[in-house]
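Two complexes follow with chain A in common, the first pairing it with chain B and the second with chain C.
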Partner chain A sequence: MEIIKIIFKNLFRHPLRNTLTMLGIAIAVSAFGLLATVLTSWDAGMEAASVDRLITRQAISFIFPLPLSYRDKVAHTEGVQEICALNWFGGVYKDPKNFFPRMACEPETIFDVYPEYQITKNELETFKKERNACVVGESIAQQFGFKVGDVMQVEGDIFPGTWDFKICAIYKRRDKNTDGTQMFFNWQYLNERLLQESPDRANEIGWIVSKLKPGANAATVSEAIDSQFRNSPAETKSETERAFNQSFVSAYGAIFTAIRAMSYIIVIIILFVLGNTMIMSARERTREFAMLKTLGFSGMQLSWFIAGEAIVMSLLGSVVGTVLLFGMVYVVGELVPKQFFPIFFVAKSTIITAALSAIVVGLLASIQPIVRTRKMKIVDGLRFIG
Partner chain B sequence: MQIPYMYIVKNFYARRLSASITVALVGLVVFAFAVVLMMAHGVQKALVATGSQENAIMVRKGASNEISSIIERESARNLEALPGIAKGADGKPLVSAEVATVINLEKIGGGMSNISVRGVGAETFQLRKGINLKEGRMFNFGARELVVGSAVPKRFSGANIGDKIKFSGDDWTIVGIMDCGGSAFDSELWADCEQLMQANNRSAYSSVTFRFTSRQDLENMKATMATDPRLNKMEIEIEQDFFEKQSEALSTFLKILGLVITIISSVGAMIGAMITMYSSVANRTSEIGTLRALGFRRSSIMVSFLSESLLLSLLGGGIGIFFASFMQFFSISTINFSTFSDLSFSFALSPAIVISALVFAAAMGIFGGFLPAFGASRMKIIDSLRAM
Partner chain C sequence: MATAIQLSNVSKAYTRDRLTIPVLNTVNLSIEEGEFMALMGPSGSGKTTLLNLIAGIDRPTTGSVTVLGQDIAGLNETMLARWRANTVGFIFQFYNLIPVLSAFDNVELPLLLTKLSRAERRRQVETALSIVGLADRMDHTPNQLSGGQQQRVAIARAIATDPALIVADEPTGDLDKNSAQEIMTLLERLNQEFHKTIVMVTHDPTAAHHASVVRHLEKGDLLASEERHGNH
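This part shows the complex of A and B:
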């Protein structure tokens, strides 16, 4: 107990320096947490991806369409409960910067396949009935101020022309990690116009999302789907939504690596700030430590004075830093367009990592002062004048 | 009167551990700052190198990349008929109608990424300078053959000469590797445009690139196109500007993320410098009193301590840039948000990055050192002399 008392007394001997150190640690911890939050938010998107939905697309790549006839073949595959065919529409809403996913879908099934996007029964009926109706996510509605009844005019690029979509519903997100930035409209609206304007591009679908029957094996069903189209001009590749997302993680690899490297640099910064302070404190107390040694305090006890002070400071710093982090994440979430981080919140793992690294950094920062104090001869210590 | 610089330098030596920690602190932050800017600059540099100021590209209005642009054969022919297009040595207009698409390939080390496939016409090699065959031979027009950019075999498996890539219902053989001077073409696969269109059963191009005779002629072409109902759905732009725009999203993302993080961590480093300077002042209280008693002014004391902190931080900044400059030997690849395909680029240092990193370091030193230096200059002679 006495040790704890002494640690706290020591903490207040240099209020300015120790407050600054704590603040330095707090700020660095918040930066560290911000990076970790960027990474966990991306991961959260991955976690949100379902393992009981399959995505079937052309094997070459996503941008090659599938013939419409594939739709029914996939729907009748053993193990498939419900399917929805989608098309990437793209286009420009007012300015190319206003990017959010816009997709043609089948209103009859889209909300069965994606139960995490929630709209009311009445809204769904309107969506099914009105040809040019569309549904937008709540995050995107908030960002652009969309209301039910508004008309969104999109200039097509992949599908040339000017397209008017009437917003008939704003979908709510079921979970914290559900993406609220998508826009869906009726595939028929797209196809009817293509039949008139460029018939050779009509009757095509981008990809098919299938919801598996309970208990169905994803690998077996994927194989059953793909084998139907093997050696055809448009071979397919089916995989679970999560596997599909994960296969692209390596594509962004360099950015992830850069972010990780930066967070290591920040930990080293924290270590240096705290280490610097601890070295100074121990140096100033050289004579005092010599005196304590004379009185019979063991090297172990002196080590705990130093390490304890360092750990308390870094823990306090990381608590303040975590509080700051919540503020920053809120501000970033408000300022940065939702499309960059559809999901953005502080994960528990971030807080735990911050606290654990505070303890480790506290220990590391006290190594040099501890070694110096323990090796010091009492006579030299007493003679020390700084 | 000024306090001799040797006094400052000697003081570093007296407190070398603390001083080197501060230098390292600033160095680390500056290193991170510079590396992030080098990444963003590298992306931009690669895409600027992709286009030329002498060429223009036609895409569908509103399309920011080639894969989302559709140009019917007729529109391409209409453009070719306009005055203002330069002619090559053989008297043919320098026009290359191209088709761009994206396929998936396995990355070395696992996982998939998108890679651009470009179908080009015969005039391409006259239009675009700086594309040289490094190994193997050029693809034959009329054959299902591919030439890959020099960055592709390094990043993707099964993308070397002799390998076959299966897409669009056929096997395509890689017959050569081309060096495109670090541009985005180095991350692409090239094939005969007509073959690619046939295989994909498509009748429209993605873009048309051409050499124009003069800027004035280009402006005239734009004016003609605006009133021509066959061409008013298209737009033309200088090729280099078009590609440079594709770097914006990714480089802005890298810059913002990097700047937010380095600015926050720089506050941490500043506080570190402040701690060092405060203790530097506290340990020399009686020295300060002596200096003042000798007749040095308050301002000289302030300048002396500020220069000490500035020197520490500039030293740190220099070390940070020194190590960052070695990053230029590395190149990395990631998906470019604007084209949905893999882009390989090198970290690129520029004078602007060096200057801003040094200014950044100096700012850390000045802000970190100001309060301690101010405190030192305000000390009363009597009190400070009594401090021992």
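This part shows the complex of A and C:
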């Protein structure tokens, strides 16, 4: 107890130096945390992706459509409980910068397949009944100020023309790992217009999402689906939603590696900042440590003084850094359009990693002063002039 | 009176850059229990080295050092640290107080190594600070105290564990005349009233005059002559 008291009192020996060191650690921890948050946000997208949902798409590429006839065949495959066919719509809402995913879907099943997107029964009924009705995520609604009843006019690019969508619901996210940036509308609305304006493009779907029956094996069901369309003009590739999402993210692997490397470099910078302070601090107190040894304090006890001080300083910096991090994540979350980071929050693992890093860095930073102090002969220490 | 400290054929040499520098040459010294000995001599004569050997913070190159019946040359570092904590009180020229701690906390430091309860430690610290006349300055940090007061705190720290032996290295070396006089009176009181064996290194003949015995060192040799002061 007294040792802890002494450790805290020693922190005020050089208030300016120690405050600057702690601020340096705080800023480094917040930068480390921000990078870690970017990484965990990507990972959270992966985690949120269900392993009991299959995505069936054209084997050649995601951009090629599937015939509508595939829908029923997939729906009747052993192990499939429910399906929903979707089409990537694209389009521009006011400005190309206002990007968010806009997809045609089957209102009858979309919320059964994606239970994490939550709307009321009445809203769902309206969505099913009204041809041009759409449902938007709460993040997007917040960003663009959408309200139920608003009409969203989108200029089509993949499907040319002006498209009016009436917002009938704003879906709530089941938890913070759920993407709140999607927009869904009725596939029939798209198809009916295509039948009139470009019949050759009608009756096509982009991909099929299948919800598996409990206990169904994803690999077996995937194979069962794909085998039905083998040697057809549009062969399919089925995989779990998580594997599907990972195939997108893997393209950014080098960027993630760079971000991860950067976060490790930041930890090393913290180590140097704190190490420098601890070396100076211990050197200045050489006579004091010699006096304590003279009084009978052991090398181990002095090691705790030094390591304890480094760890406390590092942890305090880490706490301040974590508070800063929450502020930074809030600001970044507000400034960066939601569609870039649909899920952006400070994960518990980031806070734990920052705290553990602080302890490890504190221990590492105190190694040199501890070794020097333990090796020091009392008579040399008492004669030391700093 | 029993012998408190016995040095037999003690030599000490330091090696610096492959050069061996002799500091003490075959010193034989006996100090009685309750004696107050001053060690005098010019700079580099080996006074502090001799004091360090007696206090167990340095080891002789040859010879034996027996303090209160314990041959301290045979103790390992851990045992020696424990022995020092139990047996010796230290007073340094520059006080060596921890600047961020109060007088109370500084005096309490050696007691943290004991098994005393917090209340017992408090009692001992208060007693030690009362003996040196600083009971009303317990909460003051060293920079709020004069040099003389800081040295009195250092003396309180030296006696907090009630050690049998007190070693003092130039305790008045950094003080003005009046403060030096106060410190020497205090040491004399510790010797006479509390029967502490005191070994003190000093350059100052006035300070040495408070000791019961004065021995001189010259170029590492302990001179045979000794001064005994009759008031002890």
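The definition used in the following text is that the second predicted complex is superposed on the first by the 376 of 386 C-alpha atoms of A that agree within 3 Å, B and C clash if a C-alpha of one lies under 4 Å from a C-alpha of the other, contacts with A are read in each partner's own complex, and residues count from 1 in each chain.
One rule holds for everything that comes next: a contact is a pair of C-beta atoms (placed from the backbone, for glycine too) under 8 Å apart; a residue touches a chain by one contact, two chains touch by 3 or more.
Treat the numbers as computed from the prediction; the structure is a model and nothing was measured.
A.B. asks: If you stack the two complexes on chain A, which partner ends up touching A:158: first (chain B), second (chain C), both, or neither?
C.D. replies: Once the two structures are laid over each other on A, A:158 reaches chain B alone.
A.B. asks: In the overlaid three-chain picture, which partner chain does A:34 touch, first (chain B) or second (chain C), both, or neither?
C.D. replies: first
A.B. asks: Is A:294 in contact with chain B, with chain C, with both, or with neither (first, second, both, neither)?
C.D. replies: Second partner only, chain C.
A.B. asks: Counting residues of chain A in contact, which comes out ahead: chain B or chain C?
C.D. replies: B
A.B. asks: Identify the partner contact of A:353: answer first if only chain B is touched, second if only chain C is, both if each is, neither if none is.
C.D. replies: It touches nothing on chain B or chain C.
A.B. asks: Report for A:186: first if it touches chain B alone, second if chain C alone, otherwise both or neither.
C.D. replies: A:186 sits against neither chain B nor chain C.
A.B. asks: Does the superposition put A:177 against chain B (first), chain C (second), both, or neither?
C.D. replies: neither
A.B. asks: Please report the chain A residues shared by its interface with chain B and its interface with chain C.
C.D. replies: Shared contact residues on chain A (touching chain B in one complex, chain C in the other): none at all.
A.B. asks: So in the complex, which bits of chain A are touching chain B?
C.D. replies: 16-17, 20-21, 23-25, 27-28, 30-31, 34-35, 38, 59-64, 90-92, 96, 155-158, 160, 200, 233-234, 246-255, 257-259, 262, 265-266, 268-270, 272-273, 275-277, 279-280, 332, 340, 368, 386
A.B. asks: Flag every residue of chain C that touches chain A in the complex, lowest number first.
C.D. replies: Going through chain C, the ones touching chain A are 49, 52, 55, 57-58, 77-78, 81-82, 84-86, 90, 92, 94, 96, 98-101, 105, 108-110, 112-113, 157.
A.B. asks: Using the touch rule from the top, collect the residues of chain B that touch chain A in their complex.
C.D. replies: Within the complex, chain B touches chain A at residues 17-18, 21-22, 24-25, 28-29, 31-32, 35-36, 39, 60-64, 67-70, 101-104, 107, 109-114, 167-169, 200-201, 203, 233, 253-254, 257-258, 260-261, 264-265, 267-269, 271-272, 274-276, 278-279, 283, 332-335, 340, 342.
A.B. asks: Can you tell me which positions in chain A touch chain C when the two form their complex?
C.D. replies: Spelled out, the residues of chain A in touch with chain C are 2-3, 5-6, 9-10, 12-13, 287-288, 291-299, 377-379, 382.
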